[in-house]
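Next come two complexes built around chain A: one with chain B, the other with chain C.
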Partner chain A sequence: MVEEDKKKGKPFLEVLSATLQEDYRFPVLEVFAFLYVLGTFAFASFGSVSFVSQTSLRAYSAFSLVNSIAGVTSFSTLILLVLILKNVAYGFGSDLERGTIQTYFSYPLKRRSILTAKLLSAIGLSLLLFVTVQITALYIIAPQIVSSYLSTVVLSYLANLSYFLIVICITILMTLLLKKGAVTLIFGIILYFGLYISVSFASLISYAAHSALALQIVSCFSPNYALGLYLSSNSNPIFNVWVPSYAEVLSFIVVSYSIVAALLVLSYYYFSRRLNL
Partner chain B sequence: MKRSLILLGRFGTVVIFASLAILLSSGIGPVTINGNSSSGTVPANSFNILQGPLFTTYYTSNSLQNLNPQNAVKISINATAPLNVYLIEGNRNTLENWIRTNHPEQATNSSQSPKNAILDGFLQANPSLILWQGKGENVRLNYVPSQIMNLTVVVSNPNENSAKIYYAVNIEYGFASISTMRSIAVWSLPIGLLCSLPWATLKIMQKRSRQ
Partner chain C sequence: MVEGLSKRYGSIKALDNVSLSLTEGSITGLVGPNGAGKTTAIKVILGLLLPDAGRVEVFGQNPWDNEKIRGRIGVVYEKSFFPPHQNILEYLQRCCRIFGVDESKALDLLKTVDLLDHKHQQVKSLSKGLLQRFSIGHALIHNPKLVIADEMTANLDPQARASILDLVLQLRKDQNVTFMISSHVLPELSHVCDSLVIINKGRLIASGKISDLYEKYTAASVRISAEKTEELAREIGKLPYVKKLTANARDISIQVEPGKEQNLYEDASAIARKIQVKIYGIETANASIDELYKQAVQPNNGG
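Then we have the complex of A and B:
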């Protein structure tokens, strides 16, 4: 059994190293690392905290700091989006389009292992670099705030990245369905901003109608909204439509990651069982 | 080429590029975003806060409110006699409320600067709020808050004669502490070079042999 696992491990590493080399030719990773660092320092900000009650001011400032560098429209997140879409939609999509993915099928590996290697390379490494650079930069910018409010910082990252991952997972699924690199690249970009605009519209409707429902639906995709409302516990009655509890915030984060997991399971199922090349 | 060598080499090059970005960011110096200078008189054996006397609702300065670790507070005070200067955490209300509670007679007599004994009582009751203190005719302070906080600068005159003061308060904005950024870049750059050297050498040799 152990021997078999060892035998399996080597081809997996072969595929992983091949995909890594394909996704991150020198100096792709280096340029993106440079941009992450520069973007993080240049755009990190505590934002406006004047409307937040004094009791939650410090926790909100930690959230605000993370939001400024890892929020949906922040510079670093857009750079990450470009890198991952390049790998997932363009790279993987082109492999499927040209049929070069079949070279990986010659390895004694199950299809799901090949997809795992592809995703580890395309998403795993990019996210690892992104988070490592940002956490280090946050420690340089505000060490005391980060260490005092570590749970807020971690929750903010989880809440911010879930929206991002939902979009990426939908793009992976579309890449597998369409098998076209350039088309899914454009689809991914449109989906990212389109979903963001609809999320903003839904929250506006919620404030206008004084109904929490739209905000709750929005929070399933972007739990960042719920976390922001929980931390600010807004004193302004216009924004006081809904103040979620801590348990609610956690449940919205769980729901959003469940969506990510469901999309990934669908992708694995389609790649393993249904994909015809 | 061995996988571990490639991994180490690419890690090194990533560290080099990240260090260069940190070095570049540290080169963008702090910018003054808020500042004012003024003058005033501190009566004998009394104290006052900078930027408006105590118990005045009409004068509330926002420049020292909600400061964060990206801000640096630069204070310079020139006086005609040696003064005690305290940097206190919290806005003026912290001090005013304490005086209202413990010395109610002072709060009703807002036209007169409170006596130093009141300040001493406040400082003894709240030693954790004192962030910095100094003494002299010329006081210079460069303070970077470690948290989101409000600050109040209190000047007390221990002399028997009133003292005239000229002060300037400037708030600067910077990405992060320049010295920390530079020291991290200076340490990580050689590490990156060391890690990437074997990979880079092998890569160059491979290229030459191919040619």
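Then we have the complex of A and C:
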């Protein structure tokens, strides 16, 4: 039985290894990104003491700290975005476009295993690298804030990450549908910033209409927004059209990850059951 | 194996109610003009495309997402795409590990397809011909029982073509491997194939043993050498089964309906006796496979 399982696992690992070699064959960008991010954080750590002493240890400062390091427009997140979109669009998308995926389909592997190997290679490694760097940086820059407001830091991080994952999952789905590497790369970048801009529009609509609906919709894919409103509710009461409760914030985070899961399930379903090559 | 297969791409019917089956240990040629539906048929058989209608069974199972039967099928695609930055020997060794085959097979296969001198090259640096040879080696790595090859000998030089076709015959003889080979080079197919499947505009035009197809689709050509050919030709031309007739001073070339050669021998002899013309000899000439193909795909023959 164990021998059989080993036999089954081997084709998957071999395909994963081949795709990793292709995706990271020339990792100058990855190494540059890693060193740059690490260097930025190393320099930032010199100023961490003053940063902590000048900032009152409130939950909102923990939220701001996470946003500055792992927020939608933070430099490290943008590097991660470029890396993953490059791997998804040029690695996976080009495999579909050129037909390399047909070669993998001649091996004794389920379609879903091939997709898993491709996604682990395209997304898994970069994501693991950057989540490790970002979490380490958070602790180096402000250990006191992290330890005092751990739950807020974790929630803020999860809320930021879900937005990023939703964009990546939609890009994967588009890659499967379009089978065009370059097109999906452009699509992914436009989507990332388009959704971000839509948050600002939703805020404007909400303030103008005195309705929370637009903000609630936006919070489904960007729960960080709801978390920010929850944490800053006492500081700017005039602008608060909607102040979500803690339970609501948690629900929006759950909803956003449910969207991620649904998009992944849809991608797997399409790849396994419908994708014609 | 394939029953009532239909597949559409928008308004284009790529396959229209195609049925065919392969006998174990046979070599079947899949032929048809460009855009006939050959590659679509192959993709459906390999489980890469979902048919709109019909049933496909390979080794008694549906090939769609069926990893079990992939271990028994070798595939040579019309355009081969391998991960471009892989060293070819290392990649074949990886494939050996994927299929649970001894890694030494990789070198043996590179030798078989004459790629030993290129074993340290990356896939992307191979020329079209070398890539095709690599693709053939890749398809054979796991000792498949069925090999499906789309334009297998495309891009190969004549010597490489001959050696690959010899390899096909050898594999059939030694391991009873079944082959389905799609190709445009018909004389090549006639050397190795037992049977042909002819498709055109997505429809099955003909299938069966090559000898049977010759009988069905080609007119038998008979040449008679005689004296006074003009007079003899005039009389033979009146026979109802004669389709075409040309004569010169020494010979008469006659095309008759399939299976009517014997009748022509008897009738021509009788006519010659009657008009007192001496016949020097009668011989039958076989049509080429190209002629068979042309006849089969002609609109009035179903094509």
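In this text, the second predicted complex is superposed on the first by the 243 of 277 C-alpha atoms of A that agree within 3 Å, B and C clash if a C-alpha of one lies under 4 Å from a C-alpha of the other, contacts with A are read in each partner's own complex, and residues count from 1 in each chain.
To be clear about the criterion, a residue touches a chain if its C-beta (ideal position, glycine included) is under 8 Å from a C-beta of that chain, and two chains touch if they have at least 3 such contacts.
Bear in mind that the values here come from a model prediction, so they are computed numbers and not experimental data.
Q: With both complexes superposed on chain A, which partner does A:25 reach: first (chain B), second (chain C), both or neither?
A: Only chain C; A:25 stays clear of chain B.
Q: In the overlay, answer first, second, both or neither for which of chain B and chain C A:17 touches.
A: Touch partners of A:17: chain B and chain C.
Q: Under the stated touch criterion, which partner chain does A:211 make contact with: chain B (first), chain C (second), both, or neither?
A: neither
Q: Looking at A:129, would you say it contacts chain B, chain C, both, or neither? Reply first, second, both or neither.
A: It touches chain B, and chain C stays clear.
Q: With both complexes overlaid on chain A, does A:198 touch chain B (first), chain C (second), both or neither?
A: After superposition on chain A, A:198 lies in contact with neither partner.
Q: Now for A:110: first (chain B), second (chain C), both, or neither, which partner does it touch?
A: In the superposition, A:110 touches chain C alone.
Q: Which chain A residues come up in both lists, the one for chain B and the one for chain C?
A: Touching chain B and chain C on chain A: residues 17.
Q: Using the touch definition from the top, list the residues of chain A that touch chain C in their complex.
A: My answer: residues 7, 10-11, 14-15, 17-19, 21-22, 25, 98-100, 102-103, 105-111, 272-274, 276-277.
Q: Which bits of chain C are touching chain A when the two form their complex?
A: 43, 46-50, 65, 67-68, 70-71, 73-75, 77, 79-86, 91, 94-95, 97-100, 138-139
Q: For the complex, give me every residue of chain B touching chain A.
A: Listed in rising order, the residues are 3, 6, 10, 13-14, 16-18, 20-22, 24-25, 28, 66, 68-70, 146-148, 175-177, 180-181, 184.
Q: Which positions of chain A touch chain B when the two form their complex?
A: 13, 17, 24, 26-27, 29-31, 33-38, 41-42, 44-46, 49-50, 57-58, 61, 129, 133, 137, 140-145, 148
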